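Look at the two complexes coming up: subunit A is in both, with subunit B in one and subunit C in the other.
Our next item is the complex of A and B:
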């Protein structure tokens, strides 16, 4: 079977062997000296932010990109020429980056599969069988005649996988298959991928920008700016930056934050909570060190937790001195004076509804955002998040309902609202050919700022965004993180009281994202700005004071992140993580035994248990009866992603139950 | 060459073009629209120009003079007007485009042998047609005055009309227009439009076909598979050649049946030559598609190139013989000029393969050269 096979095969020749790989685009180096070895049967991960060099490396391995130095060997064939690269193509499958972009939108699901099969000379008899099986596994059977362009993101991604697998390759190379897909579809995709690869003994090289997907891989490389930061099994990488994570809830937040930032490089504020990564310290020492810094500040709760890969990633960057430290400036006296006292309501949505023809995009949505609060709107693609923002900002008229933004009525005072809000949209709103300062001046002009004010705000934005030294760079030439902070700065040029952010951090690397959130936190706490934000990074949702989860146009949950987790735990029980040498077999056994919410994460299993304490004893016994050794079984805190997946799958189940009940 | 893989690409391409509404319109709608627009637009044949007379003389001779205009197919007689003011109003309103004013004592002065000035008011807003209208008026006027002169001389000298004619016009120019007997500009231009429109639309389709997949990333399906460059290029080319050839047939039908241009040549030869011209143009587009990265760039290059060659170097508007120096040389570098020769030959002169084989051979050679370049430019392992 798969796992035992993996052990015996690890002595065999590697499927992919990359040594000292270099790739540059004109003058810009993309990859600088990467080594990589992939063994048969592995799922190997390349993890890193945009621009880390993942795509270049994968394309070179797939034999579709030239490179400047180093060697790339696939199936023992040295890819030193186009002709040599041709020799591996019968045995590989390659899924390029971009959700569904390599598929043909006007062809149906079946026609897409047929095209890939014919391109690969799969016989019609074989094709029929494989198509049926793959469509069934991916639950796309009933959509086989639907044009690809009418599929949801998750379905496009699964179709892409089928098309990559239809000729039964020995190695598949998937470039960011989960980017832009909602968490539910992402989990589904990983489960299907693991199952198919296991069944056919396929080796896979998969890249992702989501650090929290690392546990899906057998082994992985962390890439950053064209170099390998770390490689190995997820646990080994975790051990490279030893340390503990201290989670606490201090009283005087800003004071605590300033103190901690001065002492520790990795501090994050999450609503009323804070996370501090303490280098090279075991949990008790870490807690002690944090408490020392906070002398005098009362702390409500404090405990130690296992650091996540993102913490490790950033710690590694600090170790190798690749990360720049961004101190947050203390609020100036002028801005501090602007803080509006009290708990005034900044945004209020009252039974907002919006129809597009017969389709109800937003259905009876009500919520409130207080001054100085960060409010997160979560939901899968198409849940209605952007439509809500557009209605509140006065871009779109609601079909029904009312709203107040910054004290103005949404229906009557559209212009007043626009003067009092800032908006950073999903689609980038900067002028790429203008320089940083020109962009800021343009927005200052649009909002009618005086010369003196413009000068003052330009300085403030450059300072806030860490844009010093880039004043005369064109916006288009800036890295994503800087561009995003410039966009934020432009939206803040007129000192709005309310800020709307629509997926502002897509494509920004973890360090850039943390810097961005530091600014948002500072804005909300020191300047009293109310912030409404949408995001598809579930880990970011933890930064919000309050969350609303949208599903099919409705708000289905509305609470603080911690409260949401408590609700889900009350419904389905606690989360247990199980480590074993035969995870696939163990999963089959557990599913048979009625642990329905069991999912595979690389070599580990996650399962929900209503009686975690008794199950922790019962499950190892149960599995050892089937000769499966359990290395460990530990309770784990729920992540926001667990919460999101729980809600969406439950609601989808209800909806399909209703649909089958009536139809 | 594996035919199965080639056909897989061709079939997919065909399906996509038929299903993508924009692409379908580009493939089949655009040529028809261009033919209608250019067919009516380029043609400077001005006929049925609305005309009115202001006759202050009301004599037999003035009516006789007016009759020359009324009978002409170039003018559409709208009636007699009472005053110059009335004519002004109608000209301003666009109801008539020419007003001719016959002064008082027109007949009396002519009979007395005095010269008479006829005032002709022409709507000059559009200079092109205005000049042409002036030309028509000139011609009709000299014909009319010639007749008057003749009858005057005949009457005074007591000789016959024929004798009088030889006296006033000793040399008579007799022109017979060959091939296009009625010298209709439309008959000349409309067939050439087939050349021009295929020069624009055929490369446009292929120019978009590869670069579109480069933009989306679907080209990696090809790069990462076992298909060979030749199979892929042929698969891309085939459906597009078919579409452009269908368009050539539609355009031919429009030219002959809708615009009424006579076709005197051999239909089989004409479409045989047209097929190779289409292959030439499609290959040109394919080459462009391989060289650029965005659909916008591909579109711009094909349109700009098509217009420059079509308007300046094809012989459609400016005869090749009238080009000088480098322009003459440049014109000979593109197949458009040779296809224009084929069109002129097939439509108006009934020339066939026997006379036009060099042109057809040139198309074949040209296509081979372009496709060879495509083959060497196409790599399944790229730099970027």
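Our next item is the complex of A and C:
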């Protein structure tokens, strides 16, 4: 363990230097004037929603994309010609976007690695050693003979990483390596990446669409629509939009929401909770300001919290006047009359089971969703979420068990169910070559709406989704956020009582996501629509009234988000965040000392502690004995991601223990 | 909603669903520029090209002669190999040179006339011999050259014989002779373009009917649209049949353009029978073939695969249905088997109506066979679709 990594003095020559970079595709500008400096040994992050210009920038740095203006220097070589680009390619590793897209599905893990190594002219002797080491670190040794197509998403991405590292590059460029990977595999991937880069002193440029991954980077740039919104260390960026986050649980929710929205630009409803970002206010002042607005509305709980990067991101957009705000119109008198009886059960799953051959995809799943409730179904890829949705929507027949959806028996009244539900699938499932209005009319026709109703609903959908002005645009040309609202609109064209959403916000930018959730909240509270949703964004899980966590086809936890966090805290203790300038060494010490649940987040460490108070004193002393200085150690509230990762890793451990016990 | 509907209202909603889905298909097709250009091409330019593509006549076959006799008789024989069928490219002084030109492919026929050809002919005691060597590596022109030249020789020898008879004072008419009176029906000028363009139109209708609905269905699978349709109150029948309906319309328009815009004005292809009957039966054929395309679509995972499957099916269908080769030349068991190809029946129908002016009375068996096949194939496609997504 040398101190080669993490040398970030600005005196050193940068590995990558980008100045005033411009790239356009036909008439559409993708990147407009971006500067970027990456120092040796850094993990540099590019964070931004789809279409922010991340991929264009990364491809240019990798020397595989020409650009229109500006300079790109890598290892001090100006990439102004193809010949120059060829000179750096041997020292670079590039993992393009898309899960396993650069790998060969029919080749085994080992064959894939061998192929990439030989392509890079790695000698056989070196290859054998490196392959062994990389497979061991990524825990893929057992799977070396398995065809790549049979790997899980997380494993594919680890194999992609090995193939990128096999020729020992000095700079690796990873384009959204964690997109589409479940939270557990995502954490695993970051840990392995940090370890490998640290061991070999490699510099990395990594992009992500998940804002909560910012803490994984040493420094980062926030990109939005081809421009840099902010850059620097995570803390520096956080400080650009000073303010406090107020979390509260008010009594009369809709009234409180309306009041807060009128006063503060960033208000989110999360189940029975609300989050309000108060600009440029310290915590006590922020709470005071919120309470003033809520005069007369009783509040059960209220406290101040540190804002997350997403809040900062949106605040920065507001600062720079880039945010386009679409106020949600209150439900019209007509739709309000349509509100269903408050407490009826909208979805009931009773011991649902589904087998595919010998494989049991869903095992004895039961739950209930009330009318007007937002119910979240969480789980890693392959946990059975989509199969449950498919059974409830009538696409798939259950092997055993029963269910009622919107008052109809799923065994006997499939057609009636289909008339009463709406469904938004993972991929954009509308017709991209039809215009917005043509799509809406098509679905109105499919659901047998009369011409008059079709006109009324088309207007309502355009209004609800903020689609005015886009009526005659082809759906494929819309940005992701608008597309998903159109998909939602089409799913609502016939006023369904129950709405199924399968990862509806993948690839949608944070503002679009918040707008989407505003609509869902309005639907559930004002129109009494029951909503069942699956999501990959753990921060979105907090929006749900109730959550069910699936693992290996079973429901392993079923509670509200707050309860789930309490349960995990009761089992493993509170979360401590430790800041130090030698995080890797500190982590080794802590693992030796029995703090098993320690994970690396950029320069910080997260660890669970049963006695947070005593550990807060004990750990700095313990580390300073090893000459590691601790800058701070603070308790942090658990996130839904912490809960998810805790559950899944615990269950995986149990399962492998059982497997080795019986086998 | 649905379960409480009045039956009449139910039918109305059902038809409206089918209508919006069919319009959607047409709209999508109209936005797919590449596919649109392809469809226009196969019904226009491709037909024009096909008119000249198949040529079963001999054309400018290169003839080389070795004339060792240099007599009036030998010159007359050579003179009978006339353009446009033959073209005399030269004479050689050595028979080996002629063989060499044959080997090189510079000549297709080599006529070798030995010395004393005219003398032997004049004596009439023995048969005068000439040697004709023909390159038949290309079977059809080779076969034609051989039969044409055989006829030239026979005519020459018969005329020479009757002249000899005359000289001997005999009346040539007293020799028994069959006079062959031919009447060519249905295509009196033996216009190759009629057959060529019609055969090509049939092939292209087949390609369009296989490919368009299959591609439309696979595209929905590829882009994930199908899931959205499956959770809607549409039945699999409506999903599939709307595609067939849209593509039948496109095929009918294409066929009309081809027939009235290309084949009739430029090649004079007649429509002897009832045009409405022909179009009605084209629609039936389109439905039948679309069924096969949909079955293929349930096996394919993406557009590329469906394209290859269609290619794989078109060639044997085309060859085994008798579009290019006569059915009678196939073994009997294969002739029975070809009944399962809808194209076989549609060929009967097309040539029957357009060239022979036949009506339903003559074609009912083909129509019945095609209807049965169509229903069977569509049901099979529907069953596979349900199994895949149900």
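Keep in mind that, in the parts below, the second predicted complex is superposed on the first by the 652 of 663 C-alpha atoms of A that agree within 3 Å, B and C clash if a C-alpha of one lies under 4 Å from a C-alpha of the other, contacts with A are read in each partner's own complex, and residues count from 1 in each chain.
Quick note on the criterion: a residue touches a chain if its C-beta (ideal position, glycine included) is under 8 Å from a C-beta of that chain, and two chains touch if they have at least 3 such contacts.
Worth saying up front: this structure is predicted, and the values here are computed from it rather than measured.
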Discussion item. Quick one: is A:154 in contact with subunit B, with subunit C, with both, or with neither? Answer first, second, both or neither.
Written reply: neither
Discussion item. Just to be sure I read the superposition right, which of the two partners does A:116 touch: subunit B = first, subunit C = second, or both, or neither?
Written reply: first
Practice prompt. Figure out whether A:107 sits in contact with subunit B (first) or subunit C (second), or with both, or with neither.
Written response: first
Discussion item. According to the stated criteria, A:64 is in contact with first (subunit B), second (subunit C), both, or neither; which is it?
Written reply: first
Item to complete: Please indicate which partner A:496 is in contact with in the superposed arrangement: first for subunit B, second for subunit C, both, or neither.
Response: neither
Discussion item. Is A:53 touching anything from subunit B or subunit C once the two structures are fitted on A? First, second, both or neither.
Written reply: neither
Discussion item. I'd like to know which partner A:96 touches here: subunit B for first, subunit C for second, both or neither.
Written reply: first
Discussion item. Is A:446 touching anything from subunit B or subunit C once the two structures are fitted on A? First, second, both or neither.
Written reply: second
Item to complete: Using the touch definition up top, name the residues of subunit A that touch subunit B in the complex.
Response: 25, 59, 62-66, 82, 85-86, 89-90, 92-94, 96-98, 101-107, 111, 115-116, 118-121, 147, 163
Fill in: Interfacial residue positions of subunit B with respect to subunit A in the complex
2, 4-5, 7-9, 11-12, 15-16, 19-20, 216-218, 220-227, 379-384
Response to the item:
Counting only contacts in the complex, subunit A reaches subunit C at residues 393-395, 397, 413, 415-416, 418-421, 423, 425-434, 438, 441-443, 445-448, 474, 490, 494, 500
Fill in: subunit C to subunit A touching residues, read off their complex
1-3, 13, 16-17, 19-21, 24, 27-28, 31-32, 223-225, 227-234, 389-390
